[in-house]
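These are the structures, in structure tokens.
Below, chain A partners chain B and then partners chain C, in two separate complexes.
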Partner chain A sequence: MDFTTFVKPTNGGGDAEASNKSLQFWKHVEYIENHGKQEDDYEYCMTEFLRMSGIYWGTTALDIMGQLDRLERKFIIDFVKRCQCPTTGGFAPCEGHDPHLLYTLSAVQILCTYDALDEIDCEAVVRFVVGLQQPDGSFFGDKWGEVDTRFSFCAVATLTLLQRLEQSIDVEKAVKFVLSCCNQTDGGFGSKPGAESHAGLIYCCVGFFSLTNRLHLVDVDKLGWWLCERQLPSGGLNGRPEKLPDVCYSWWVLASLTIMGRLHWISSEKLQQFILSCQDLETGGFSDRTGNMPDIFHTLFGIGGLSLLGHSGLKPINPTLCMPQYIIDRLDIKPQILARS
Partner chain B sequence: MHGRVKVRTTEEERERKKKEQALKVRAYRAAMGRIQKKREAGELDSEMLTLTVQILQRNPDVSTLWNIRRECVLDKLAKLKAEAAEKEAETPKEEENTEGAAEKNDSQPEDKSQAVFTTELDLTEQCLMVNPKSYNAWHHRCWTLEQNPRADWQRELLLCNKYLKFDERNFHTWDYRRYVTEKAAVPAAQELDFCTEKIKVNFSNYSSWHHRSLLLPELYPNERRDRPMSEEKLQQELDMVLTAAFTDPNDSSAWFYQRWLLGSGAELDRVPKVAAFRLGAKGAVLALDKPNPELNKLPIELVSGDEKWQLQNWQSVDSGKTAWKLQQAFDCPKTKSLTLKLADQEVNLSPIPNSDGFYYFVPPHAVASCSKELLAELQTQLQSCLDLLEYEPDSKWTLLTSALLMRAIDVSANHDQSLTHLTKLEKVDALREGYYKDLAARWVLESELAKWPQAADFPTKFELAEEKSLASLPLGQYLIIADELKVSPKLREELGERLPKSFGDLEL
Partner chain C sequence: MGDSSDEEYLGADWLPYSERPEWKDVEPLAQDDGDHPVVSIAYSQKFREVFDYMRAIIARGEKSQRALDLTTDALRLNPANYTVWQYRRDVLRELKADLNDELEYLSEVIGQNSKNYQVWHHRRVIVEMLNDPSNELELTENALVNDGDAKNYHAWQHRQWAIRSFNLYDDELTFVDRLICEDQRNNSAWNQRFFVIKHLGFTPEVIRRELDYTMNRIRIIKNNESAWNYLVGVMRQGDSGSANLNSYPEVVAVVEELYQAGNRSPYLVAFLIDVYQEQALHLKASPDDQLARKVYGLCEDMAGKHDVIRRKYWQYVATHLKNQLSKATGGEQ
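Moving on to the complex of A and B:
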């Protein structure tokens, strides 16, 4: 089905025939567009501690659907600018909160999407990221000292988007740390040395090697096997053995396999069916699993997963940075991706 | 948001909930407003602690509030330190020497600081009850303990035991356990016992198997490093894991562990080795057994007696960075002994039969050492798997594991049989059809490359005898020394650009 030829229904409602087998394109657009319009909404208020990421999830999903203009560019850019900490240069999730690497990456991703990096002090962001690297190559998330491979990914992704990966952090040391989090049993990665392999962290580490051009350090056959074993009979993927399938884990595994040139080790068709079954047919949006409550986070990973699987009507997405490919091309960034052997 | 089932509610119920939520939003906003005002004013007092508790107990993910608490703790500790210093200055010397006097007084600064730590630890525990996967709460617990020189690590160990009883797969708890055992200097052997107990309670516990995989290589190292642990221990582990796997053959945890046990141990930090090399009048080609994008940073030279030739400026010819070419004119030395040196490696080249030039080739897949006892164990295991397959011919994990066991016992004798298992797996485990096809192709190539040196036109011609229906051509870098690849037109078409480069294709 080609959604590019669709006209938005005036009543905002879906097709009475709509089944969970086809993408409820306009419902999702509406879901994202309305997200946050009611500022007093309980969920919205209680998730303000990750607002910046929420905006990244929403803008990226809309952009993949070719509907970015539904959100007000100026309003969003002004918000992002207000969240840059004048002292550290990092970004807070929203005003009144503290800066952190997680939200710094989200902020930079949003600004790249809007081609608005010139609106902020980029050098201050670089200083923030560089200041969080530790002598062993790892990264703190903020000054309070939590170490995690997620932060290694956030650091190199932020610097890559700012075109400042060179001559800023010690890349060799950063690589060494991430490699020390690799597990011999399954070739996967955890959050720190010795931590159990987990699809979300594998995505961060594989993405890290993709950005630092060092995918040869990954045991692709061993890890690829463990990753393809995440697919369950429902077609959905889980994050660890004997866990339930989930739309977000589906993205992380799918993106990692794509970067490693092993997408053909799972059934794309079954995965697509699973993702589509997680759509909320009433409100729009995707949930973690069939029949659960939708949220903006799973909505991006649902849309992103379908894009990576080549679903029609969606713009191509870059598996490493989880952003529309045209933006990555515009920035002239080329994250490494392995060819199929 | 994970695992929240969408439930249908009545209009009335919805309204009630909406009102309730509106109140919560108002309370949250009021508390956050007050907290921010106080922070700006530098009021890191007990009211601040009370305000942050109210929100964190419901929502431990608001990381800024944990930051504020840490500021309060540091502020308080600094004040107590100043107080202690002041007291010390005031106290007459004699009293200081009186045994026990200090301990009796419970308002001593040291006790007060312990109370500060206890408050934080108690709060993290309350929050972990609400959300045992809160990154923030776990981190705050670590941070608090790091501030306390008198931290009670044994107590933390008991906390891990308690949380692992609630959820034996919570990776936060396992991570925390590894952190605590290091601090408490728990011997690895004791941790292994804990692990064994956990696995006995429930075989389906990938987290526990993982923890075990970290301890065993440390406790029972394999000196040759071609197996994950000593052969004796390996045998015991194989025995234990198979019992676990047979308890529920559909549970993947034990099977993953089993495949690791059958593997060749630490490969990750091994440097890439020369797999194949060919030297002609116009240049040379080189294949590595694993990728090294920085080949040009290594010293590479040819040596014949006292003569040496530097080989510089290699260009990679595959995306995997395992196959390389060098454009450089050579007057091939008229000698029989020529050695290639690549960093620390040294390999002797052989002259190409009926042609000019030299080559080197060693097929992939070195078989790991295997004692008689280990071999016997593997054979017993294989028999058990084959017995199970009699009853459950479609048992996926048994099919795969038996194929792996066959190859560990005798790769060439069991070649065809192990491939039959993969063909069957393509059907019974259709989601991963692509994986089994690629694995079969790899096994076929390994077998073909092992036989290649005996072929008539080796190394100038490579012919894929087993045409089969290969989906890919892994290990293609080994073929770079051939002038010509003979593969079926179908495979050639399937591979397209991915067809491995051969010596004949290259413009040297």
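Moving on to the complex of A and C:
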């Protein structure tokens, strides 16, 4: 799914063939490093509204590859700081835009990566997040009132990274709302009560329970099976029944299964083959499916998926927060993860 | 890409804002990317100009007809810019604009951007302001049926919102049935069916009817994940939510018949595994009882033949049952 309304153009062509079997490590480093530096102004303009997330995707992927120092720390931190809204405390994706929970989480993730939380007013961020919780426990994404389980995840993830989860929001009510989005047919979760189960939203909900230490509320065997069913003969995973496989869904399903201790239920080898087949051998970067155009979003989830599968040369990634594990350790945060079953 | 992409939206007779007399009092406000941007920015001229004027108008808080027209241009260039949508709503309120015109405009925009969060959110706010949902079923029907994506998540969310907020449940089952007939594997349609039935209430009659409906579909396409999930979901709603699969022996009998007739759809076999597991646990059978062995055998078939890619899951199911039964019978002794 496209969580961000960022639809990349796809062009069925491409050259992903037999040689696409090993990780093109340096090509990807180059791709991420140069991302946005090209004179591709149209894309740059069109993605302004999600720039903060774009930076999170790029820095995280590079850090997983041990190449974070290729980006300029000071410039990025200055950019992030400029995006904090002085009134609300939330972060905009880019100057001139309104603050939103999606970009607030991205901003906090970037600052954690650079160990730079002290550069911003963290209490203001906490106030922003707390102010978005609704009486039923759900969260608005911004003050304009869209409710979605994505925002429940963003809220608890932001507060966890700031070490303020328990003292700030009504966690019980937040839990109750996310549980009300569980579907009795397949054990999955949608964006709102009654909405169809969807792997991206399942990741948000399972991640939410991992952060609130409530994984016992999830029917992990039932949901685990539904998630396993997402694996197709190509090895790739889709987000809903009868949809096409996609690298980003592969991450969301894989991360959810990892959190639930069920990663081994799917075929890792076949999934790895699928992810590698989505590399662009010419430019670097990963696309959603074999042969399509790469983008920075799928590049993070391709690299992240390979890290979860234990690919050599990549740092371990935390499945709940989609950040390098060493940073989560440095922050002394321990999202709940179930033992292998 | 670049400019050519704009041309699709804004035609050749485009007059730059800087050359329009009615805009000469506005000083465009360029984007400040710092003196050392991560990226070198070469905005397309038209794009840059429209957004420079947009920034200027937002900065001075002008809410006028020309500001509204400017948001139209800006959103045509980038419908995902949620800040501009928000500003547009402020302008509409200030001008006390006819919101029916806005709905019409939005129907067109949604037709071209049906997978964009912002356009649907804007639609919802306008419908709430008007308190008139009379166009929403048709709008979402167009997005789901006529434009060809029957699984558009945004459209289904909007439809559920409209149905729930304005109590529009009456004809929804007819619509859902039509979509299921068109594509029996449409998981979104099955989900919508559950949404409607849950609202009507899972009375014993409703459950019977739904089980019949679903089994009739399964007879046509056995290997349909969505129908099987729906079937189990409905079966579990009986006895105020405490029913198990064996509460409906007639359904189990039909599935066993299909199995006897040679069908080995993984969903069908998975269903039988659940049924026999439930029986074994209910009877507190011993781990090497015949029922338990039936489950192990079916799991082995799945792992080895029908669902090899998920063989580790099926091995887990068998081992898990064995452990549970050992615990149960061990505890009794």
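Keep in mind that, in the parts below, the second predicted complex is superposed on the first by the 320 of 341 C-alpha atoms of A that agree within 3 Å, B and C clash if a C-alpha of one lies under 4 Å from a C-alpha of the other, contacts with A are read in each partner's own complex, and residues count from 1 in each chain.
Here is the rule we go by: a contact is a pair of C-beta atoms (placed from the backbone, for glycine too) under 8 Å apart; a residue touches a chain by one contact, two chains touch by 3 or more.
Keep in mind that what you see is a predicted model, and the values were worked out from it rather than measured.
Once chain A is used to superpose the two complexes, chain B occupies space that clashes with chain C.
Of the two partner chains placed by superposition, only chain C is touched by A:Asp78; chain B is not. Once chain A of one complex is fitted onto chain A of the other, the partner contacts of A:Ser197 extend to both chain B and chain C. When the two structures are aligned on the shared chain, A:His264 is found in touch with chain B and with chain C. Of 6-14, 96-104 or 222-230, the segment of chain B whose C-alpha atoms clash with chain C in the superposed model is 222-230. Residues 40, 42, 45-46, 49-50, 92, 96-98, 100, 142, 144-146, 183-186, 190-192, 194-198, 221, 224-226, 228-229, 231, 233, 240-243, 262, 264-267, 270, 341 of chain A lie in contact with chain B in one complex and with chain C in the other.
Contact residues of chain A toward chain C in the complex are 1-2, 5-7, 9, 36-37, 39-46, 48-50, 55, 71-72, 75-76, 78-79, 82, 92, 95-98, 100, 142, 144-146, 183-186, 190-192, 194-198, 221, 224-226, 228-229, 231, 233, 240-243, 262, 264-267, 270, 341.
Listed in rising order, the residues of chain B touching chain A in the complex are 1-6, 21-22, 24-25, 28-29, 32, 36, 59, 61-64, 66-67, 70, 135, 139, 143, 169, 171, 174-175, 178, 204, 206-207, 209-211, 213-214, 217, 228, 251-253, 256-257, 260, 265-268, 290-293, 319-321, 430-435, 438, 442, 472-474, 476, 498.
Those residues of chain A that touch chain B in the shared complex are 40, 42, 45-46, 49-50, 92, 96-98, 100, 142, 144-146, 148, 179, 182-186, 190-192, 194-198, 213-214, 216-217, 219, 221, 224-226, 228-229, 231, 233, 235, 240-244, 246, 262, 264-267, 270, 280, 287-289, 291-293, 295, 297-298, 338-341. Contact residues of chain C toward chain A in the complex are 1-3, 5-6, 31-34, 36, 38-44, 47-48, 51, 55, 58, 78, 80-83, 86, 115-118, 121, 125, 151, 153, 156-157, 160-161, 164, 185-188, 190-192, 194-195, 198, 225-226, 229-230, 232-233, 236-237, 270, 309-310, 312-313, 316, 320.
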